[in-house]
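Supplied in structure tokens, the structure appears directly below.
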Amino acid sequence: MLIKTIFSGFGGQGVIMMGYLLATAGMIEGKNVTCLPSYGAEVRGGTANCTVVVSSEEIASPVASEPEYAVLMNNPSLIRFQNQVQSGGTVFLNSSLIEDRPIRGDLVIYEVPLNDLIKQLSENRGANVVMLGAFIKKSGLVTPETMIRVLKDTFSGKNPAVFKSNRSALMLGYEYLK
Amino acid sequence: MKKVFGRPKSLKATPFHYCPGCGHSIIHRLIGEVIDEMNLQEKIIGVPPAGCAVLAYNYFDIDMGEASHGRAAAVATGFKRVLPDRIVFTYQGDGDMAAIGTAESIHAAARGENITTIFVNNGVYGMTGGQMAPTTILGQNTTTSPRGRKEKTEGFPINLSEMLAIARGSSYIERTAVNTPANILKTKKAIAKAFRLQMQGYGFTLVEILSACPTNWKMDPVKSSKWIDEVMTSHFPLGVLKDNSGDKKDAH
Amino acid sequence: MPKVLMRGNHVVGEAAIRAGCRYYFGYPITPQNEIPEYMSEKLPEAEGGVFIQAESEIASVHMVIGASMAGGRVMTSSSGPGISLKQEGISFLCALELPAVIVNMSRGGPGLGNIAPSQSDYFQATRGGGHGDYRTIVFGPNSCQELADLTYEGFNLADKYRTPVLVLGDGMLGQMMEPVELPQEIPLKKLPAKDWALTGAKGRASRFIRSLILDPIKEEEHNWKLMRKYEKITREEVRWETYFADDAKMMVIAFGIAARIAKGAIKRLREEGVKVGLLRPITLWPFPFKAIKEISKKVKHFFVFEMNMGQMLEDVKLGLEGNGEVHFYGRPGGVILTPLEIARVISSQYYQKRLG
Amino acid sequence: MPAGMIEIDSELCKDCKLCISVCPHHLIEPFNQLNQKGYAPVIFTESEHKKEDRKCTGCALCAMMCPEIAIEVHRA
Amino acid sequence: MPKVLMRGNHVVGEAAIRAGCRYYFGYPITPQNEIPEYMSEKLPEAEGGVFIQAESEIASVHMVIGASMAGGRVMTSSSGPGISLKQEGISFLCALELPAVIVNMSRGGPGLGNIAPSQSDYFQATRGGGHGDYRTIVFGPNSCQELADLTYEGFNLADKYRTPVLVLGDGMLGQMMEPVELPQEIPLKKLPAKDWALTGAKGRASRFIRSLILDPIKEEEHNWKLMRKYEKITREEVRWETYFADDAKMMVIAFGIAARIAKGAIKRLREEGVKVGLLRPITLWPFPFKAIKEISKKVKHFFVFEMNMGQMLEDVKLGLEGNGEVHFYGRPGGVILTPLEIARVISSQYYQKRLG
Amino acid sequence: MKKVFGRPKSLKATPFHYCPGCGHSIIHRLIGEVIDEMNLQEKIIGVPPAGCAVLAYNYFDIDMGEASHGRAAAVATGFKRVLPDRIVFTYQGDGDMAAIGTAESIHAAARGENITTIFVNNGVYGMTGGQMAPTTILGQNTTTSPRGRKEKTEGFPINLSEMLAIARGSSYIERTAVNTPANILKTKKAIAKAFRLQMQGYGFTLVEILSACPTNWKMDPVKSSKWIDEVMTSHFPLGVLKDNSGDKKDAH
Amino acid sequence: MPAGMIEIDSELCKDCKLCISVCPHHLIEPFNQLNQKGYAPVIFTESEHKKEDRKCTGCALCAMMCPEIAIEVHRA
Amino acid sequence: MLIKTIFSGFGGQGVIMMGYLLATAGMIEGKNVTCLPSYGAEVRGGTANCTVVVSSEEIASPVASEPEYAVLMNNPSLIRFQNQVQSGGTVFLNSSLIEDRPIRGDLVIYEVPLNDLIKQLSENRGANVVMLGAFIKKSGLVTPETMIRVLKDTFSGKNPAVFKSNRSALMLGYEYLK
């Protein structure tokens, strides 16, 4: 098993964090993982993206030329990555920001209206974690329990409330997609 | 109705890649306006730096030759000595100019090299992601002064323009800003004056421009403009630091 | 030790601190900025730790020289153009016999190039881009774990041989995150004593460290002394690994991130019954010439894959001494191939040579 | 005071709001529609106004401040 | 033209001026100071001539970049440490495809070393001490006459290929005087036009010269373009000479001043009936691999003599591909051997191998 | 009778290799005397330059570590950061300090690096055979300004100490000379003061010393001493350029 | 004024004559015998004088000026 | 024929000029020549020297490890070079400055009291050219005619008087040794 996922969006949308959380969860579940954020000039003015590979074996390349999954947070990301996803792959769209839809017919598409969803959260933020919840639900790459543990390790150092709101965000996304 | 403000013709149509509210964009436009107004498009050569403005040749519709990080003044010297009747300018960030390029900057000024330097002081290394610059002020947080710059560990910021003013070969040095329309106008006048003095053979001219880097300052552009007025100018006071041309008033 | 998910550049920083490095001098350049950033965050928290963002790469490498003469474990890092600027300093480090660790997270070149991963600084690293006869130990890690282990080990070897050690990574290694088991922290007290360091002539005769040796005969002696050291390193410190080498009819030779991608390709090919193996030099200098020579007794077909226009290729040829055929495939400029593409290129060679 | 007007190229605008901060008559406002690059360009509130009703003087302060050269200024 | 007795460093300066070089940027360092000194005397007398003693080697090489972009024939020179400092600039010259001539009158190293003649910058010169995949044409003159001819020719080749040319001399060549027939002065008007130069966009579209190519695919294309140029140079510009090669049972391979001394040794040996010959690479890059391969069909015993610890040796081995045995004799550090001593070493090898 | 003047004990017995009348020799002795008098021999570390003083470690009986040309301030920074309680000084010529080492000098001062620089200004490159230095005065003949230095071609000389005085991290900068017994005494006091301020943690200190190079000036030593008074000091005026220690008078 | 005297190490002296130029009493003079290094060291004219006859005050100006530390000064 | 000569003395004694003049004369007479001055730090404080090789064939090395001739202008030069001269070689000594004599018995020695001789010249200088005259007389490496031509080419550009006084100096030395 070797699964590649690409997360992509604007600089501020937290896509690197999504990658980090997924890769950490994979690591905790005993898998091989790599997480490769885009960097440098690539970032400025364009999309930021982050590639996560989760695998039961050694990972040759952290680059996802043909990812199984794409999590796309804005329109430019859709334009850039829709043709790279593997045939039969799955695309998660932030439908609050992305109006277009992939032109290819061979993809599974999940739409997640993040802007609407985060209104249900106390702080009106955490769209990336909501999306991550939706993603792990459908990809099954890691369990929600592991992800909650990762959220706890990552966020409760600062402030337990931050962890809690992230957990709520995760579960919101997890439960949104049926 | 008449168009009274638009894109200068010495700038290409390419949209800038700079971040929202970045001073580089404003400064590019000002240089473009001066080139247009002084009719220099066919006789000016620009030397862009390594820094956020590394792609300046994508915007300026003039001849431009890249310098490696910090060496713009040396590259410009090479240009000017081969083509003494062209106008040659460097466009440099504070890291490029006042850190790695310190020696080249100071010696171009000392030689009285007849070139103009546009010195964009935004107090950080923009291109590489917001590290401390030689001009980062005390207390300022950057990615390599995460606890705020302290004199004991990171040392004091450097006022390079003041040093360059001591060099006998420099003829005109002014510090301006591009944070308000009034300052922007002054900056434009200063650039025009520097080019004019170069044409008249006065030697080294420099305009240091305080310029916002909202991205790495982690402030919105409007707040950044205010910060320049309220904080940055007290460390880097605006005004003419040196003027050998005898027309001090003319600057603005 | 539990594993942590860390970015390669941070791994370098953390491994250095655990190896007792307390002095870092550097200058920003992508794609290695996270090293100075990490050090600026962590060193001031470590006992006696000093981080300086120098005014240039040249200043940093010379601060390294000073700190090393004073007996400190010290590091600098950069990429491409910045490493070029350090060449004079590296020549001095070797001549002065000073330990130090230098990291190059290399990028696309020549010139300003780009910030994508590339392996085109191999010649510079292994032949020494500076002046004079000298060598530096060069590690070519291919994972974040190796970044940790080799950076750490680098400090020990540097002290052992009084010579600089270069860690030649690339933009991808520096940026990617992987689970890493971090090495044990060395307490400062346990660091090797340096009876040659310059610390003020207290209770002993004064001494000096210099590389100016005006008399050619004495300079020659110094050069031979260095040479003997390099020969010792060549005998004792060569590292490489092989993968599916036992029954291979064709061997891929690749280092660093390229080797890792090639490994993926080989795994695929093995599943298809293609008998191809891998030799991966871990020390790029000293280069595993003997291992290659050994293999060339059995295997006659070699495939060299580099993310450049063919640099390690020369070492492979030197190792083979005509004893085998080498096919080269290179992608310069920061282009990263996929295991699939590499697999195609290998198998086409494999079948053309009628090995399958 | 001669009447003026501005045109904002919404594909160039990066929503830095510097123009808003300098317009003496507050004639530029944020707007929440994204452009191709993902920015929400600001708008000139008087673009539909008749000439006589405009407060815009064509002073060009906004354009002078605009980093993106997204504003063209017209004056009678 | 009558011959004149001139010091090597002056010969370089005069040949450059005759080749139309009007721009010199440099920084003092022994043993090449007579080059800047000569230029400071003569350039201001030549039409449009400019001499600048820059603040450093780095500034000088970047002034060279500017002047070359502006279309001038331009030169810099230095030695050892100073050449190390120019490596970033040389990588840029290659990436930007700019013609220039760079002279290294090399000295003993590494580090400060000494000012005696040495050949230990061979790797740096031929592999490129800077970052990225690039090559420079490298000449290895062995007399003042060749200094004149190759410096002169260097400007032509640099312009022809838009690439920097390195003249790798040494302290002895720079300091010694020999009779020289100086090349014909090229009138400035006859210099090749440069339709790519940056001179202000008058009467044409504006243009720019840059090496930053962020897209790896485009950077790769640029690298392959450079590679094609290097391959063309490799096909068309290799130069070497042989001496007593026809019936040789053993061939000495040496370059520059070492080759010259070896020649003296060979002459002695020939008088004693020892059948030894010489192959002297004149271009160190491109290296005469083919010539060596050709010779290795007849001769199986090779002797490499360098005033270093064995650098060109690698190229010789690459050329031989195992096809012959190589004996190396090196003297690093600035020691100059005599023809007599070399003759002894060669003949001992010769008889050990039972060739005589 | 009592010996009242002899060789300082922190100098080895080795005779100097410097030319007759060379200022380096006098300056070496003065540093040796100060080391003796302040009892620093066991806690001082010197960084010699590339320049005529490259062999300084043959003379000083203290720990010394070589710097490559121009980088002494960086090397000294490395020393000082590892050994903050030792006294660290660089010994640099004008080419070393003010040409190739400009950036390192300026940034050591800007950082307020707690080191002392002995800056030997003899207006030429001694070691390499009398080429123009950044401090060569206008009109002066050297082997690379054979027609006399002219501002139009060779550029102006540079007053680096004045620039360093602007750096906020420098605490004490004085220019002296070693051409007369009185000036020699002042130089010695200045060196002592710089070391003392370093011990007190004041940051960057520097003594610039006008020093004869009879060989390359092509004057005999006695004439050289006069030339310093009559010509050189009018371009490089002697005196305290900066003193943050609050005891200005104490210098002399 | 206490009587003084100096000793000049003729192997160290390089004949720069700086001492001669500063001695207020003109007690040092050139001499034309070469030392090992080929310099003609200067000499102290009062070295053979009796203590009472010396004009040397031991002021050490000569020694202070001497680059070679060739002069040792003694004072009563 | 391949003859190596070393000229050595203090910096100011004009030894490089002697080498230059000899090499130029050799060149004019159609021989191969090289002339290698000592340089750099070697010069400061010590002796300056200059090696000339005159040969009918190509010259391999401009370095004279075992010169046939040594022209020594001061004592340190004698100390440094007396053991390098070939057995049977010839040494020219500036006997005004050099008191010692070579300890080897296998050398031909000519003593030239330059200080005395130059007193016979109008300007009291040109000791090096006097010595050169003595040298070419005994070595026979070049003819006095050629050397006079070289002196003319070298010096008359500046001032014809300079040439003339040099010619006198040359002939003084030439005639001094019988």
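Should a chain be cited, it is by its letter among A, B, C, D, E, F, G and H, assigned in written order, with residues numbered from 1 in that chain.
Criterion: a residue touches a chain if its C-beta (ideal position, glycine included) is under 8 Å from a C-beta of that chain, and two chains touch if they have at least 3 such contacts.
None of these values were measured; they are calculated from a predicted model.
Shared contact partners of chain B and chain E, listed by label, are C, F. Across the two interfaces under comparison, C-F and A-D, the one joined by more C-beta contacts turns out to be C-F. Farthest chain from chain E (centres taken as the mean of C-alpha atoms): D.
Spacing of chain G relative to chain H, judged by their CA centroids, is 37 angstrom.
Work out the mean CA point of chain C and of chain G, and you get 61 Å between them. Distance between chain A and chain E, defined via averaged C-alpha coordinates, is recorded as 55 Å. Counting partner chains per residue, chain H shows two or more touched chains at residues 40-42, 45. The multi-chain contact residues of chain D, meaning those touching 2 or more other chains, do not exist; every residue touches at most one other chain. Chain contacts: chain B has residues 18-19, 50, 54, 66, 68, 99-100, 102-103, 106-107, 111, 127-129, 134, 154 touching two or more partner chains.
Touching chain E in their complex are the following residues of chain H: 19-20, 23-24, 27, 32-37, 39-42, 57-63, 65. Across the interface of their complex, chain G is touched by residues 1-7, 11, 15-16, 18-26, 29, 180-181, 184-185, 214, 220-222, 225 of chain F.
Partner chain H is touched in their complex by these residues of chain G: 34, 36-38. The touching residues of chain E, when paired with chain B in their complex, are 23, 25, 50, 52, 54-56, 58-60, 62-72, 74, 88-89, 92, 96, 198-203, 206-212.
Across the complex, chain A meets chain D through its residues 10, 45, 74-76, 97.
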